[in-house]
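Chains: A, B, C, D, E and F, in written order; residue numbering restarts at 1 for each.
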Amino acid sequence: MTGRGHRLDLQAAPFLHTTLSTPRLMVEVILCTLPVLAAATWFFGVVALLVVAAATAGAVFAEWALATRAPRGNTLRDGSGVLTGLLVGLTLPPAIPLWMAALGGFVAIALGKQLFGGLGQNLFNPALVGRAFLQAAFPGALTTWGAPRGFLDVPASTFALPFLHGGLDGMSTATPLALHKFEHTTTGLWALFSGDVAGSLGETSALVLLLVGLWLGLRRAFDWRIPVAILVATALLGGALHLLDPVRNPGPLFLLTSGGLLFGAVFMATDPVSSPTTPRGALAFGAGIGALVVVIRDYGGLPEGVMYAILLMNAATPLLERVSQPRPFGRRRAA
Amino acid sequence: MGDVLMAGAIMAGLGVLLGAMLAFAYRFLRVPEDPRTARVEQLLPGTNCGGCGEPGCRAFAEALTAGARQPSGCTVAGPEAVAAIAAFLGVDAGALDRKVARLHCAGGKAQAVQIAAYDGFESCRGAHVTGGGGKGCSWGCLGLADCQRVCDFGAITMNDNGLPVVDVDKCTACGDCVVACPRDLFELLPLRQPLLVQCRVPLAGEAARQLCTAACDACGRCVQDAPEGLLRMVDNLPVVDYASAVDAGPAPTFRCPTGAIQFVAKAQFAKQEVRA
Amino acid sequence: MNAPSSPAEAARLHAEFVKGLWRENPVFVQVLGMCPTLAVTNSAINALAMGAATTAVLACSSLLVSLLGRFIPAQVRISTYVIVIATFVTVVDFVLQAILPDVHKELGAFLALIVVNCLILGRQEAFASKNPPLAAVLDALGMGLGFLFALLCLGATREVLGNGSLFGIDLFGPAFEPWVVMVLPPGGFLMLGLILLLFSWRLQRRAAAAAEEKR
Amino acid sequence: MSDFELPPEPGSTRLVATLTVAGLLAGLLLASTYALTLPAIEANAAAALQRAVFQVVPGTTAMRKLVLTGGRFVPADGSEAKDAVAVYAAYGDGGRFLGYAIPGQGPGFQDTIKLLFGYDPQRELVVGMQVLDSRETPGLGDKIFKDPAFAREFAALAVRPEAVVVKHGTGTLPNQVDGITGATISSKAVVRIVNERCAGLLDKLPAAAEVPPAPKEESR
Amino acid sequence: MKELVWIFLGALVVNNFTLSYFLGLCPFFGVSGKLQTAFRLGLATTFVMVITAIAAWALNTFVLVQFPYLRLLSFIVVIASAVQFVEMVVKKASPALFAALGIFLPLITTNCAILGLALFQTSRGYGLLQGIVFALGAGGGFTLALALMASLREEAKLSDVPALARGTAFNLLLAGILAMAFMGFAGLGSS
Amino acid sequence: MKLPFTLRSFAHGVHPHDHKQGTEHLATEHMPFVSRYVLPLAQGGKPAVPVVGRGEGVRRGQRIAAADGFVSTDLHSPVDGQVLGFDRHRHPSGELVPCVELQADPFSAQEVSAHATVDPDGLDGDAFVAHVQRGGIVGLGGAAFPAHVKYKTPAGRVVEHFVLNGCECEPYLTCDHRTMVERAADVLRGARIVAGQLGAKDVHIGVEHNKPDAVAALRANVRPGEAITITPLQVKYPQGAEKMLIEALFGVEVPAGKLPLDVGCVVNNVGTMVALADWFDRGVPLIERVVTVSGPGVRRPANVRVPLGTSVRELLAHCGGTLPETCEMVMGGPMMGSALASIDVPVLKGTSGVLAFTAAETARGSEYGCLKCGRCLDACANFLNPSVLARLARAGEMKTLEANFVMDCMECGACSFACPSNIPIVQLIRVAKSAIRDERRKEAGKS
């Protein structure tokens, strides 16, 4: 006997395994948020970093404090908590008090993820659950858009004490979508494309988001069908409605580059956990988001609807999955 | 005042109308249905375990009222409930021959030889299909608690020796563990007859003893010591005739060299015999 | 109503009263009557009014059903109960409208919806119809007060967080940023969910402690 | 074991009778309650209306209900149709006619907004506005009735040709209303209701000279 | 026509009976464990709602003009009896339909969404056609919420929901998230 | 030469590193005879019935057990020697199963005592099938299904194509590769025998394009004008599954629950052809087979022609033994093979490889929650949803599993391979399938 003297292990086949791992996927997406964060810092100044850091801290704290499995903090290693925090931060307006950002991160993980049992179990995009909670809780703070100003300028509201608003009013500008909806003013496409407009931290620069999305798509880090379906559906439906009523309903290019559409399409809707696994389901999911975004923007009371569109389609995901299961090999529909 | 009277009249009118409508419906539209079924269903435990063989308690209740089944066919209901149903339906409860799940293996960690280490998720069946799970005895209990997980009544717990212990009082003989065990080690056996062969190894003599110190090595002494016909050897294992009403007592277990045959009135492995 | 004839009887009646307050609390334990529980608890005063109205209806109906229960044929039992309850609800509705018009306006349709609060119908069916008047009324009061208590908990929390006030009295001053979501529909679901979570957490802790003691 | 006895089949008449009696009793009880509480309820409603009218037309001490009958407004005498359009003439000290309080309603952000606004025909200005009922978003849309600054926008608002909502802090002209930041739709809804009402009714209102005199009994 | 569309959409999503008015919560939490059952309950409820809308309209128009104080009482009694009557008819006429939908009917009678529908319809002064459209929208909205909830819960059964949260607390929090998502429809059609 | 991605293949699947460079150029060597052989009576199909007695002397090639029924094959002695007994011995599956135990005659020259050769062209269908069964021939691809069963075509069924599987898509394994290179003529001889008997119009041999020498060797042996096509295929797993191979070659899906015969195909492994050629032309039944001994834990990887019943321990010793850090022994390929609890188990007719792994290869990363990323869906050649199946299996939702076609799963392991969260998907499915089958069996037993 030349083998080892001790017992053999019994594992189940297959004995080979892909080198790809979940933490690596997370790190890849985290790295891809960095250009977006850089753009946010460029446009909104250092306050962007503060807000994102606060949201991330809230998320990581929740991940640590509400761990369902011992040892506490073990689940932090997969990096998904950090990613959720970063994404929450990037969806917030620059002048938001930091305590709200942190609360958003906390709720994202607590209500959006740990409630369902942690990574991979959640039914809704955790970052958007956090964002939706903030939007519902503090509608004023979440719709007050500080104008892009000096790099080191920090609005008074940023360091508001918890539970206080710290004087949000007074220095707000409107997002391109609100301008269009309420003032019927259309923002120039170049400003939208470069990102030099009011809005949430991560969503303003269409250019950066397109590049990052392209990279993630090429790396197969997400299901390319979802963003593509969102963009196509938005453009088609938005375009059709624009033709019907050009004054009220903005054109497809404006729809695509304004608001959180690209950010949502690249970072939010593509969260694999809360989107359909099946190829046809993914297409329907994306198309549904696009359609809802157009409907909410054109006919709804809110200027922006990407977050709600994604959450609503998250809710519909189990239904979509059910009707879009792949046809098993050798099973024709009729037979 | 006129309004008040009118209001009373309207409501009374509605009452007459609707009462008449319902009375009419009750008379002419009602689908005949044995009203006893509903009552019986209330008396059943409502676990819908299927242990009785019917698809759910409602179906069993229907079978009961139709006289097709005996109340004791419900394995979950306690004797009071069975008696109550029987009294309600006016039939005999049938012989209360309660069964519990028994494990045909006593080869825990301390008794059975382990030849390799299973390295996968905790599941007996998972181990069973992975090179046999590394247990030397390919008939014995793998100890990874599949039965505990399927037991809806919390009647099974794993002991320190890696064997499932059935709580006789909680066991309802629903048979879930019988189905769950990948090695078919569970059997629903009448409590009335405590003689139990805790082994399924079809080997004899040294070959069996090499696998497990608690294995039956087919020496046949128990058969000799039992009343005629109660035990017989099949495939190197003694088989108890549970249909027989003979009460042999623990005598057949006295000369068993490995302890494979046991006299267990209550839970198995009460005093886990750790013979290394 | 005749007074309890013996100490044992008194203890039993006491038990009937107390059980609804906590151990069989209709909201926290039995999870009954969710619609009003969530719909009107965006302020403490609404919660209080709704709880009181429900208690009143419950008590009156229970008394009547307990008295008349024997005369009602089974086939129209539910219908009759519903008529009884609906009558009392309408009475309460008008009384409230006459004496507290503002509260009545806030509660709106939900006052009328007390009719279909499963708590009330459930108590008639499960308790009042089978018990003597005194016990039925005590049970109804206990359940009603338990309901009121739960509503008040929820209403107070939601008002404090969502509006920075309690019973309409401003608590934190103008710098406070209210958590508007708490007075919106999602806040109702989330808050009650959170409270129930706390409940089960406590239960679990207690069970764990008991298990520890056993060892 | 008596629990197991099946209930006897009751006769149809008994079912009908039970429901009839229950219905009769309930009807009687309700009608009595209604009769008893009606005065208080009506008094409450009248008082609330009066408070609102007094608020939207500053200085009011008395009011009179006018209903649109046959294309013109005449004092209500109880004989008018229930759904007839009504406005309230408001009078100051000494029975001096001050203006009209006009109710209006229309879709808001969440649900219907009901409001009352005061109109001074002499100055052709809206002189006050109060939201009576709405379900607008707390924290944003509810500022239409919680934010005194918004109510002040209606203290002297020109409505001819119509009032318009502008961005918060930019209103300069008499017909401009500063919108509420973050609640543009609710602000616009209020102004739209006012505009619609004005466009529909102003021409039909009796001129100041033709207004019926102040009611004697309603002065305080 | 346009008005009817907004009545329908308003009841369907904007002011969803379940997620925004808290009506019909008992079945919403009780019967949302399985998608198929939930969907059938939704259909049955929609059906009953349409009956209710017609009944309420008829009562308001022909019987209760002078007696507003009898509204609640007569609504509940008429609805309950009508539903019970329909239940018996269905059971007799089509056992298959009864097995699929009819078994839910007793559950629906004491559902506050039904009574709520009648009351809202009255307070908003809807006519017959508007009432029916409103009922279809409200029923559709209830079905939608119920189906979404059921499919989410079925999915969550495969998830690792912490033992602490399992049950009503989880369902409430899930409904809370769903209600937050439905806030996106706020103001639909108002601008 | 076509570019690799333009070659034919099936949809979905995975691309594991093939790890074949260690053995693909090594000529097949012969395993020396050892003293003791253990042959389980069940080697594909129903267990055979011994026809020799304890203590009886046997010859190399002599029949020692006879097929029991149609789905069963004869068993022949791999050596000259003596029957020691018929006790239970450990099977690679871990179970203790009835075996024939033989003592080799140390003084024998171990010449094969050949049976009479048969001209297949002179046999009618049934006689042909019976003769194949007598040769003890089973599919040598791994499943070890009795070969003759496939040749018994029901009346009315027409075999259009006879397909040879030379994909060998499992990493590490090179036994088929070597067989095709070294015995191309016999592969084609076997193909001609079977195709002739089945009346197939043509023969297609699918070979993954990472074996150019095998393609060349086979092509060199095709006679001009012969309807034998050798098709290079993309390198993709699980190409060697017969339904996938048929899809790759003809673009036709074999309906679920049906056989290749239903689309006019019969599929065999190339190794089986060599066994057939040996049996018909030389009278040598299936008494040995080529086994790839490889893996990082083996000191001297090799392709070895091994007499059946040789213990794995001896085979490993022949290959220089294993490294001390070896912790996992696998019989078969790394994707579908099974771990061995003990190396004291015999080489079977279906043993294509013996692989030794060390902790470095088998250490599993920690398991994460399912991200529902869909990589397993893209891996599944059967177009199932492994992510859902795994979650259902965890939750024990047997009814829903069946409704999701869990029984269609061929357990190829591509999903587990592709999963970034290290979820043992295929193991979960395997367990669920086993439970479902078990439950069906117990239900059937009850009624």
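Heads up, the rule we're going with is that a contact is a pair of C-beta atoms (placed from the backbone, for glycine too) under 8 Å apart; a residue touches a chain by one contact, two chains touch by 3 or more.
This one's a predicted model, so the numbers in the text were calculated from it and none came from an experiment.
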Is the C-beta contact count larger for C-D or for C-E? C-E
Averaging each chain's C-alpha atoms to get its centre, pick out the one most distant from chain B. D
Please name the chain that ends up farthest from chain F once chain centres are defined by their CA atoms averaged. D
Round to the nearest whole Å and give the separation of the Cα centres of chain D and chain E. 30
Distance between chain B and chain C based on Cα centroids, please, to the nearest Å. 43
Starting from the mean Cα coordinates of chain B and chain F, work out the distance between those two points in Å. 41
Among the residues of chain D, which are close enough to touch at least two other chains? 15, 18-19, 22-23, 25-27, 30-31, 33-34, 109, 137, 139-140, 185
Residues of chain C touching 2+ other chains? 75-76, 79, 83, 86-87, 90, 94, 180-181, 184, 186-187, 190
Would you pick out the residues of chain A that each touch at least 2 other chains? 8-12, 111, 117-118, 121, 133, 136, 138-140, 181, 301
Within the complex, which stretch of chain B touches chain F? 115-116, 120-121, 123, 125-126, 128-134, 138, 149-150, 178-180, 182, 202-203, 207
Would you mind writing out the residues of chain C in touch with chain D in their complex? 71-76, 79-80, 83-84, 86-87, 90-91, 94-95, 97-99, 101, 105, 162-163, 178, 180, 183-184
Within their complex, state which residues of chain C touch chain E. 31-32, 34-36, 38-39, 78-79, 82-83, 86-87, 89-90, 93-94, 109, 112-113, 115-118, 121, 181, 184-190, 192-194, 196-197, 199-201, 204
Hey, which residues of chain C end up touching chain A in the complex? 172, 175-177, 179-182, 184, 186-187, 190
If you look only at chain A, which of its residues touch chain F in the complex? 1-4, 8-18, 20-25, 78, 117-121, 223, 272-273, 275, 277-279, 282, 321, 325-332, 335
